[in-house]
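You will see two complexes here that share chain A, one where it goes with chain B and one where it goes with chain C.
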Partner chain A sequence: MSVAEKNAVAPALEGVRRRRSSRWMGRRRLPYLLILPAVLFELLIHVIPLLAGIGISFLGLSQFFIRNWTAAPVVGLDNYKVALDFGSPIGHGLLHSFAITAGFTALVIGVSWAGGLAAALLVNSEFRGRNWFRTLFLIPYALPVYVAVIAWSFMFDRDNGAINRLLVDDLHVVSHRPFWLLGTNAFWSIVMTTVWRLWPFAFLMTLAGLQNIPKEVYEAADLDGAGRMRQLRYITLPMLAPVTGVLIIVMFLWTFNEFNTPYVLFGKAPPSSADLLSLHIYVNSFIDLNFGLGSAMSVLLLIFLMLSTLIYLRVFKVGGGSRA
Partner chain B sequence: MRVRVSRARAFVWAALLAAVLAVVAACGGGGDSGGGGGSIRGQTITYWASNQGASIQQDNEILRKAIARFTKQTGVKVNFKVIPWSDLFTNITTAVTSGKGPDVLNIGNTWSATLQSTGAFEPFEGSTLNAVGGKSKFLSSSWSASGKPGQTPTSIPLYGLSYGLFYNKQLFQQAGISSPPKTWSEFVADAKKLNNPSKGQYGVALEGASITENAHWAFILGRQNGGDLFDKSGKPTFDSPPIVKAVKDYVDLWGTDKVVNPSSAQWSDGTQALASFAKGKAAMTMWQNNAENNLRTNGMKRSEYGVADVPVVDGSNTPIMTHVAGINISIFKNSEHKNAALAFVKFLTSQGEQVKLNEEYGSLPVVKSAQQDPAFKTPTLKTFNQILAKHAQPMPLIDQEGQMETFIGDAVKQLIAKATTRGSVSEADVKAQLSEANQKMQAAGGGG
Partner chain C sequence: MRSSLSSKASRVAGLAILSFVVIFPLYTIVISSIKPLGDVRGTFEWIPSHVTFRPYVEIWKTIPLAHYFVNSLFISVAATVLSVAVAIFAAYSISRYRFRGRGTFSTTVLATQMFPGILFLLPLFVIFVNIEKSIGIQLYGSYTGLIITYLTFSLPFSIWMLVGYFEAIPRDLEEAALIDGATPVGALFRILIPISLPGIAAVAIFAFITAWGEVLFASVLTTDKTMTLAIGLRNYASQSNVFWNQLMAASIVVSLPVVLAFLALQRYIVSGLTAGGVKS
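Up next is the complex of A and B:
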């Protein structure tokens, strides 16, 4: 090309380059701009308070300083030492609460998952009225938490509650009117209430997982003469494994952190058999006005949950690409 | 260079701008012009009231009328909210933490020292104290429970309360008991006579899950036994023998004596025990004088019940029958309408309003000028007044009073639950539970 021709083409090329680059910039910038508000709010509502909480755990933030956090003395790891000193009442209380919560979580997940699986298998097969069952099963999950748990607390009332009316007055199964929100029964009450609320979620996820299993596999198994239980054990459960993997870890995190249910059932002074960890930490912070200690407990809980999740994901290879 | 702004990008920038503006506006929040100096007419203040009546609705009605009188007098409007006892302390501490709260608020006077230590409330001294009428207008017993001794109080008395023994005259007559019990052993014996669980009738009505009730009785009965919750150097002594005995006596009402409705181990909202007494399901109850309001609402006539001195442990040298109970009123330091707030506090503690409000609530006036009003000369109020004047002592006036109530109240609640579900608790059980509470108190009291 001659110089003259190059000079003639150059501005056109320049324009193309500019247009291409401006289009390039626009296309690249737009997605970031769209997610920017969400990122800002995520920082504001989740990340910054989390960092502030971790910071507070190193302060002696009690009622003297809640008006002016920056004046609170830095106590280093003292709050953690108090929380982990299992010989003293505070550390012992935390350990006790942790043990109760672990037992509670294991029970709730076990029963919820099993119940969810059973219901999903039921609803998955064709029969009259299955839609009705499907809707019925979802009701506990759809009800607002506070409404549902308050209704349960009325049912658990010793004198007038529906449960004692049924067991003692109508069926005469128990003669001594039991307490449901005091003593050791309180643990079973909260397990019952939480399972009631949580199992529809397990049901939903499992049902979705079941519907992804091709019918041909079952037909082939029928031809080979496999019975229901064998099919369940060798086809259904393995093919549900990805769903189950995610389901268990989500339920674990939700249940371990459960605050609403114990708070509505027991208020700010729960019986020791139902002293769940989130409520325990809340009482230590807001009732006892020792926010530094409460924050330290929260950070310890966070570390535990993160470690558990990481180990779980590694061991069960959930969500990874290692499954073909 | 020609810039062609695509419609999508314009939309995104607009949305971003809107989001940022929304956040700024929300964070900016409530900045009406400060009420410093000059006339207070036309200003509006916010007031958090405590639940003193039989229901929040009743509080709303009583306060609405009082505030109407205030607005007529001064031109200041008051936005008020009645907060139930279960939430009041938490709401107050949240307000202290965030720095955003009402202008004026009620507090339980036992919290006065704890809230004083936060530094969030206006100290009443000098011109501030003069603006509400000065210290001498208040009863000294009520004033004594307004903060740590020797420090400037940040709350002043509003309503006076004291415990008393309510008894059902008819049930007493039917059981052949001629006069209310004076000692603790008489009290338990009478309660057993009046106890008839198969008919759903019990000797005493109390609320075993109420943290505040439990803490008060641990203190009162502990004092009767010659003990104290803290020693002279300020160390907690919850597990000392007199306190252990006091708590065991109280818990035994649910345990070995079984003179209370077992379900009351779950009651805590301040209405259940009174409803039980009002309906004749319990022959006695020990409650603060504002219970009369509640009983009236539940349909019990004044002639059906009497009020006597709280029973005292046999052989006691310290016949304390009540702590100096009551409601105090405070002003937030961050208030932008201090003069209007002070005017409101002065109004509520004026003679006229003290007579009206205390009469409606069934409580006792805290100002000397209102004490002689015939409204407070009924036989029951006379008894309460006597108890408050002669047999009252303030709960420990320490920074961690609020937490102390929680630790002790919770310990007693757990013991009552054990006594009810297992049948009884031993002295060792009581000592162990109180030791745990004691250690928590020591840990909390370590200078914050």
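Up next is the complex of A and C:
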């Protein structure tokens, strides 16, 4: 439709719309009706439980009140004081778990991003069979989380696992057979498992971003005699920045809240080196049955995530000018 | 693009390393699933002593795999269908109307992605139990409870991707339909949805994967009757005497449908990510 036609049609269209909508259902109400189901579900599953969770964090909701929630005493900020008293075993445990989670998150994001970028660059150039590689690299992400983690736990087995078979028996890079799921090794095992699952997401996002960079930019750079590394440094990475910005924050939130991997790998008693926050809080709430304290820890986690996200968005101006 | 010998060599090396990292666990799963039990009880061997498909038969008797499978399938399909339907309406509203609260709604939906699941799991459990007490709708331990939970989990991403899709579609088409006497919702069904089918399929597979693989909420909200694959297989894997060849066979059985669907739709998923906020 040309602009002129559009202008001619517009008033008529407006009239039609007005007539229709007044007959059908107030035009002003329609957008609200359309989002209503989404709003209701979000309220029931996310918003109300979140508010309730904040409420519970001010209650002394321990095992003694498990059958009668309403009788739990209001303890004010006591749960928070216990959680943040780093001298006590509980506070110290939380701080330790936080530090482990922070290190875990930084490593997982860094490696996943680098692997995803490398793979996307490799697959984005023209060669025969590139689609096969793209398909292959996406499989770990499509696999159900628990399948991937169960498979890794099978591979990490000290005596019969595939990892020790490869590293000890075949490549001889390690002399004794390490226990991969105990001690400090557990930390590296959980990083490895999580990266294996997550890096294809970085690959997928980066690939989508690369395909939005016009080819002409590279042709111009070729004419100017810019080498591959300079093109990567001065064209590809800057033009990927919006995608990378979103990618990093999404991976940050997922990884910091990661529960599935440690839970499937270690169950309810993870080794200290792999005591990630979500599982730490889960154990405090559901195993030790101290829901008030568990909720207070979750609220602290939420506050940390919100602050980090706000600072990140402010500093890197991610998503500025996009819809929302 | 010029490709010199050295860049070709580094490409081959890079692809080889990445492929090895991806294939190693996949190979372990596949090869272990066709080994006799004696093989998986000893040191890992790259090649089975002999190939057998019995693990694929026996696993259905070792654990109630069919029961888990039906539970997971029903819950995931229902959650996916509902999530996509709810997301289509919401995305249509956001992409085509300017209304008060639009920004708040979009921001809140995206912000829910930030909530630690652990924070609202316990209250959700309490709310479910109380709804049952007061109005008699069973949510804890029922299919309904998990279905509405999972549909909400995939909702933010689904809405976000569909808004991107819808905004890429010129409005002229719908306006023509409106002139022809269609209602806005009629235009959505006759124009927007047919054009966006690939994107909707991509959103659906994401929603399905979310529900199919979820562990945390299923571990608290299911009972023996509604136990999903995630919890059933995890519980079996954590026992002391595990038939690993059968467990690996089960892993393949439960992964194949999602992996194949995901790979079949990968083209639309990449373009869907491009259409959604990624380009911002």
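Quick note on the criterion: the second predicted complex is superposed on the first by the 297 of 324 C-alpha atoms of A that agree within 3 Å, B and C clash if a C-alpha of one lies under 4 Å from a C-alpha of the other, contacts with A are read in each partner's own complex, and residues count from 1 in each chain.
Going forward, a residue touches a chain if its C-beta (ideal position, glycine included) is under 8 Å from a C-beta of that chain, and two chains touch if they have at least 3 such contacts.
Nothing here was measured: the structure is a model prediction, and the numbers come from that model.
Enquirer: Please indicate which partner A:D222 is in contact with in the superposed arrangement: first for chain B, second for chain C, both, or neither.
Expert: After superposing on A, A:D222 lies in contact with chain C but is clear of chain B.
Enquirer: Output check: A:D159 vs chain B and chain C. Expected answer is one of first, second, both, neither. What do you get?
Expert: Both partners, chain B and chain C.
Enquirer: Going by the contact rule set out at the top, does A:G267 touch chain B (first), chain C (second), both, or neither?
Expert: In the superposed model, A:G267 contacts both chain B and chain C.
Enquirer: Where does A:F286 make contact in the superposed view: on chain B (first), on chain C (second), on both, or on neither?
Expert: both
Enquirer: If we overlay the two complexes on their shared chain A, which of chain B and chain C does A:S88 touch? Say first, second, both or neither.
Expert: After superposition on chain A, A:S88 lies in contact with chain B alone.
Enquirer: Have a look and say if chain B or chain C is in touch with more residues of chain A.
Expert: More residues of chain A are touched by C.
Enquirer: Classify the contacts of A:L30 with the two partner chains as first (chain B alone), second (chain C alone), both, or neither.
Expert: It touches chain B and chain C both.
Enquirer: A:E42 contacts which: chain B (first), chain C (second), both, neither?
Expert: second
Enquirer: Let me test your reading of the model: by the given contact rule, A:L138 touches which partner, first (chain B), second (chain C), both or neither?
Expert: A:L138 contacts chain C only, not chain B.
Enquirer: Residues on chain A in contact with chain B in one complex and with chain C in the other?
Expert: Looking at chain A, the two contact sets intersect at 30, 34, 37, 44, 159, 267, 286.
Enquirer: So in the complex, the part of chain A that touches chain B is made up of which residues?
Expert: 18, 22, 26, 30, 33-34, 36-37, 40, 44, 60, 62-67, 82, 88-90, 157-159, 177, 179, 181-185, 267-269, 271-272, 286-290
Enquirer: Could you please specify the touching residues of chain B with respect to chain A in the complex?
Expert: 1, 3, 6, 8-9, 12-13, 15-16, 19, 23, 86, 90, 93, 96-97, 99, 114, 117-120, 209, 211, 262-263, 265-266, 268, 399-400, 402-403, 406-407, 409-410, 413-414, 417-418, 420-422, 436, 439-440, 443-444, 448
Enquirer: Sort out for me which residues of chain A touch chain C in the complex.
Expert: On the chain A side, the touching residues are 1, 6, 9, 12-13, 16-17, 20-21, 24, 28, 30-32, 34-35, 37-39, 41-42, 44-50, 52-53, 55-56, 69, 115, 118-119, 122, 125-127, 133-148, 150-155, 159-162, 164-166, 169, 196, 204-205, 207-209, 211-212, 218, 222, 228, 242-243, 246, 250, 253, 257, 259-260, 263-264, 267, 277-278, 281-282, 285-286, 291, 294-295, 298-299, 301-302, 305-306, 309, 319, 321-324.
Enquirer: Looking at the complex, which residues from chain C come into contact with chain A?
Expert: Answer in residue numbers: 1-3, 7, 11, 14-15, 18-19, 21-26, 28-29, 32, 40-46, 85-87, 89-90, 92-94, 96-97, 99, 101-103, 105-110, 112-124, 126-127, 148-149, 151-153, 155, 159, 163, 167, 172, 175, 178-179, 181, 183-184, 209, 212-213, 215-216, 219-220, 229-230, 233-234, 237-238, 244, 247-248, 251, 254-255, 258-259, 262-263, 266, 269-271, 273-274, 277-280.
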